[in-house]
Amino acid sequence: MKAVHLSLAGLAAVAFVSILSGCGKSDSAQTGLSAQAAKPVSGGTLTWGVTTEPACFDPHRSSQQNAFWVERNYIDSLISKKTDGTYAPWLAKSWSVADDGKSYTFNLRDDVHFTDGTPFNAAAVKANFDYILNNVSTTSASASLLVHYDHAEVVSPYVVRLVMKQPDSTTLESLSSVKLGFISPKALAENHDLCGGGPGVVGTGPFVFSAYQRGQAAVFARNADYRWAPGNAQHQGAAYLDRVTYRFLPEAAVRTGALSSGQVDLIEGVQPTDASVFDKVDGFQYLTGPSATTSFTLNINYTVAPASDVRVRRALRDGFDLDAIVKSVYLGTVQRAWSNIGPDNADYNAALKGSWGNNVAAANKLLDEAGWTQRDSEGFRTKDGKRLSIEIGYPQPYVRDSRDVLIRAIQSALRQNIGLDLGLRINTAGDFANEKATGNWTIYPNTDNPSDVAMELWDMLGDQGFLYNAIRNPDPTITDAINRARLLPVGDARRQLLADVQKRAVDQAFIVPLFAPAYHLAAKSSVHGIGFEPELDGPASSYDIWVDKQGG
Amino acid sequence: MSDLPLSPVSPIARPGWASRVPVPVLLAAAFLAVLAFSMAFPRVVTPYDPLVSDVAHAMQPPDATHWFGTDRIGRDVFSRVIYGARYSLLIGLSSMIVSLLVGLVLGVTAGLGRRAVDEGASRVFDVLSAFPPVLLSLFVVTFLGQGIVNMAVAVGIAGIPKFGRVLRSQTLGVRRADYVTHAVTFGMSRARVFVRHILPNVLAAVPVIATIDIGSAIIAVSALSFLGLGPQPPTPEWGVMLAEGRDVLRVAWWPSVFPGMAITLTVMAFSLIGKFLARVYGVRTR
Amino acid sequence: MVRKIVTRLLTGLLVLWLAASAAFVAIHALPGRIEDVLAGDLSYPGLRESIAAQWGLDHSLPWQYGRFLLRLAHGDLGISFVMQQPVLAVLGSQLWPTVQLAAAAGVLAIVLALVVATSTAGFSGGAGAWASRIASTLELAFTSTPVFWLGMLLLIAFSFHWRLFPVSGAAGWCALVLPAVTLALPTAGVLSQVMREALETTLDKPFVMTVRARGVSEAALRVRHVLRHALLPVVTLGGWLIGGLLGGAVITEKMFGRPGIGSVTLAAVTSQDVPVVLAVVLLAAFVHVVMSTLLDVAYLFIDPRLRNS
C-alpha cells in the first residue's frame, strides 16, 4: 500500500511541476527574428484582440467607431484619404468636380468585382447610394453624409456622376469613408440582415467575411483576386495574410493578458497602466496612432434646464482641473483637449488653447449668481429645493478607453469643488436612441466618427445633426454658421467659419472637450505593417500586415 | 446537545464568563464591534471622504497617510472600505430578512402541519434550491432590472430554501420536545401551545441562524455588485470596489485586496459567532 | 427497495415540472403587459411579433402553459430576443468551456477536501490537533471568501508576480488551472467541513477501536475503513455541489475573461434577454435535479441501512 501511495504522490508532483514549467510566459520573445526580414512574407494567420464587438457589420448602418476599421477589411471606397489631407485614387481612377460644386464625376476602374462575382461599376455605385437613402435613417452616420446629395447618374458603365442639391464641401471626405463604401448590389437586393455579418455581407475588399461567431470573433479570409488597393497603400495586389481573426475581448486586462501570453498577436486599446508591459519590451511593439478628428467631448443639451443657463454650463466647464485629471487617468499617453475638433486636424482652432477651464473660484461665483446658493445634506447645491444635477447618459457599447474612469474623476471633482452633481448612467444604445428621438438627452459624451470637420460640427451641433435634429430651438448663431460652412468650398473662408463655430461652442459651453484620443496598439514583434488609416481615425485594415514565417 | 463548547479552550486567564468562550469567537466579536463602531461613526475612524478624489495621488500604495492606499482616481481606499461596510452589510441584512420572513412562514408551517403540508412545503424548497442561488438571483434581476432593492430581493429569494429547511427542522425539534408534549397532555389548546411554546422557541433560534447565514447573503450581494447588477459607482460598496479595481490589478493590488479582505473577515466573524451560539443554545443548523 | 427508487425518480420529475412551472408563473405574474415585460427595454423591429409567436400570447393561458412545457420537453428553448437565434444554438457553442471548468473544479474540490479531512479529522492532541485546527481555520476562511476575490489573489500571486499562469482566456490546460483552483477552493472548504463532521462521527464508532486494536496504522485505518464514510456527504450534497459550481462558474468566467455560459448569461441579464436567462436557469435546474435524483438512488445502494427500513 505504501508503494501505491508513494507512486501516486510522485505522479502528482511530476504533473504539477510539468504544468508549472509549461504554463509560464510564452515564447513570444523572438528578438532575433524581428531584426531580420524587411521583406513581406505571404501567408500566415493573424489574431487581433479588440475591445468592441460591432453591433452591426453593415457600413451603411453602423455607428460605432470600433466597427468601422473592422469593416474596412471587406469594404472599399471610391477614393482614399492620405495623411496630408488630399485624396488618392481607389475604386475610382480619377474624378472631377463641377465649377458650381453641384456634381462630382468619377471614372471607375473597370477591373473590380465583388467577391460574389458581381462586377463593380457605376450601377453598383448608384445601387449603394439608393440603398442608403431608402433604407437608412437620415441621422445615421452614412445618410447624414448624403444630406445635400440628390441622385447618381450612370453616365456610362464605368463613369458615375453624383449630383448634389447644393454644393457640399464635405463630399470628398465622405466618399473616402468606409460608411459610403460598397456592398454587392446582389447582396443588397437579397435583403439579408446585413448587420448580422458573415458571408452575406459581400464587398470588394482584400478580405472576405468568412464567419462571425457572436460573442467570440469575426473571421476573414484572403480575397485572392484583389488587385485594386488604394494609391496610398503600402503594397498592391492580394493581402499577405491567409486569415485574420478579430477576437472580442472587452476587458483591457484580459486583452493585455492575452497578448502577453501569446494567445493573440495584436491588441487594440492598451490601457495606460499596461503600456509598460509592451513598450520597449523584447518581443513586443507598442504603437500609438494619430489623434482623432474629434476629441472626446461632453455635449451638453443647452435647451434643457438646468443646463439651459449658460452660467451653469460655464461653471461645469471650469469647475475642475482637467489637465491634472487627464494626466492622472491616462498617465501622459494623451493630451487634454481645448476644442471638440482634434488638435492634429487642419481645421482645429488652435487659438482656443488655454482659453478656458480650471477656474473653480469663477465657477462658484457663477453658480451663486445663478441662484444655486443653498446646499443639501450631501453638499450639493440646491435652488428651490431642487438639487443641481445633470446626468450623462453613456451607452454601454461605446464605453471604452478608460473614459468612464475619466468621467468618474470629473464627477468627483465637481462635487468637491462646486457642489454640482454630475451623474453618470451607463445605459443602452436603445435608451440613447429614444432620448435622441425625443430631444430628451442631457449630456452625451462622444468622439464622433471621423469625417470632414464641417461634417463633424454638423453632426454634433447642427440643427440637422443626430444630436439636435429633434430639438426645437437650437442656437441659431451656431447652426447658421454650420450650415453655411458646409456649403462653402474648402478654403480660408470655410476654415474661419469652422473656427468661429468651435469658439462659440466652447465659449457658450455647449460642449466641454476633454481629451484627444488616440489608438494604442500592441503586438508581437513578429507582426509587421501595422498602420493607421487617416479616414478611420483608427487602425488600418489587415491588408498591409504580414507576419514572420515562424511567428504568426 | 451539550452546552459546553466542543473546541478546546485556550488556557489564557480571562474573567469568568469569557473563559468558556473560545479565543477565535472573542476575536470575531471584537472585530464586529470595531466594524459596527466604524459604520456608526466613520468620521472618527477616518478623516477622508470616500467620494473625494485626489488625482495627483492616484494609485498610491499603502502608506502612513493612506493606510490602504488610493485607488485609480485618488480616493482613499481605507475610508471607502469603512463607508462601504454600510452598503454591503445593510443590503446583505435586507436580503436576509426577505429570506428569513418567507422561510419562517414556510418552515414553521411545514414543521407544524400534517404530512401533506410538510411534503408540499418541502417541495417548494426543493424547487427553489434546484436553481443554483447565483443563477436564480440573476433570473430575478433580469425581470426586475438592476439596482439595490431589486438585487436585495433577488438574493433574498435565492436564500429562502436554506432558512426554510432549518426553521422547519427547528420547528420539528421543538414540537417533539418534552415541554410541548406536557402542555398538550395537560389539555392546552393547539393554538396556545403554538403561541406559548413553539413559536417563541423557534423564534429564539432565528437570531442564531441569521448570524450564521448572513455571511452568505453578504457574499451573494457583493457578487452581484461585482457583476454590475447592484449599486453603481461611485458607491463604495465592497463588490463594486472589487470590480473597479480589476483592470489595474496588475499594477495596484490594494484597491482590490482590502475590500475583499473586509468581506472575508466579516463573513468569518459572523460564522464563528453564529456557530458558537448554536452550540451553546442547542440550535439546529441544518 | 424498488419502491424507494421509483419514489425518488418520481420526486425528481415532480421537482423538474414544478421548477419549469415556477419559471412560467414568474414571467406571467409580473405586472404589465406580458410583451412589455418580456421585451424590457429592447425595441428591435419584429421583436413584439417574435415574442407573441414564441409565447403564443393570443391564446389562453393554459394553452400557453401547455405549449411552454411541450417546447421544453422537446428541448426547444426559444429564440433569443437580442440575437434572434435559437437559444440552444447560442448556448451550445459556449457549453464546453464551462463544463471543463466546472468538472475540473469539482474534481479538484472533492480530492482536496478528501485529503484534508481524512488526514486531519478527529485528532485531539499533539501535532494532529494543530493540523486539525489549521485545517478548520482554512476551511472557514475559504468558505467565507468571495470567489472573485480569491481569483484576484491568485492572479496577483501566480500570474502577475510569479508569471506562472496566463491571466485570461481558454487556450488549453494552462488557462484552466487558476480558474479551476479559484472555483474549487470555496467548494472544497464546505465539503471538507461536512466530511470532517462525518469522519469524526465515524471515528467515534466502536468498530474503529476494533480496527486500531488489530494494529492497523492510522493512515491505513483512515484510507481503507473510514474514507467511504467521508464520501457519503459528497453523495448527499452532490446536487448542491453541481449548482454551486455552475453558479460560481458564471462569476469565475467573468473574473478570468473565459468564454462560456457565464458570459452569455451575464450579457443576457443586462440586456434583459429573457429566453436566454430562462434557458440557462432551467438547464441548471435540470442538471441539479437529475444529479440529485441519481445520487439519491445511489445512496440507497451505498448505505445498506437504508435499504430495508
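So that you can tell them apart, the chains are marked A, B and C in the order they are listed, and the count of residues begins at 1 in each.
Here is the rule we go by: a contact is a pair of C-beta atoms (placed from the backbone, for glycine too) under 8 Å apart; a residue touches a chain by one contact, two chains touch by 3 or more.
Since we're looking at a predicted model, the values are computed, not measured.
Of the two chain pairs considered here, B-C and A-C, the higher C-beta contact count falls to B-C. A centroid comparison over C-alpha atoms places B as the chain most distant from chain A. As a whole-number value, the distance joining the C-alpha centres of chain A and chain B reads 46 Å. Put simply, the C-alpha centre of chain B and that of chain C have 21 angstrom between them. The geometric centre of chain A is 42 Å away from that of chain C, both derived from CA atoms.
In chain A, the positions touching at least two other chains are 251, 253, 256. Among all residues of chain B, those that touch two or more other chains are 246, 249-250. In chain C, 167, 270 are the positions where the chain touches two or more neighbouring chains simultaneously. Across the interface of their complex, chain B is touched by residues 11, 14-16, 18-19, 22-23, 26-27, 30, 37, 40, 129, 137, 140-141, 143-149, 152-153, 155-156, 160, 167, 239-240, 242-244, 246-248, 250-251, 254-255, 265-266, 268-270, 272-274, 277-278, 280-281, 284-285, 288-289, 292 of chain C.
Those residues of chain A that touch chain B in the shared complex are 251-253, 256, 271, 273-274, 277, 321, 324-325, 327-329, 405, 408-409, 411-413, 415-416, 424-426.
Interface residues of chain B facing chain C in the complex, by the touch rule stated above, are 8, 24, 123, 126-136, 138-143, 145-146, 215, 219, 222-223, 226-229, 239, 242, 245-246, 249-250, 253, 256-257, 259-261, 263-265, 267-268, 271-272. Against chain A, the residues of chain B that register as touching in their complex are 49, 51-53, 55-56, 58-59, 72-75, 232-234, 246-252. Taken together, the chain A residues at the contact with chain C in this complex read 1, 19-20, 22-25, 193, 213-216, 249, 251, 253-254, 256-258, 260-261, 263, 396, 428, 430-431, 434.
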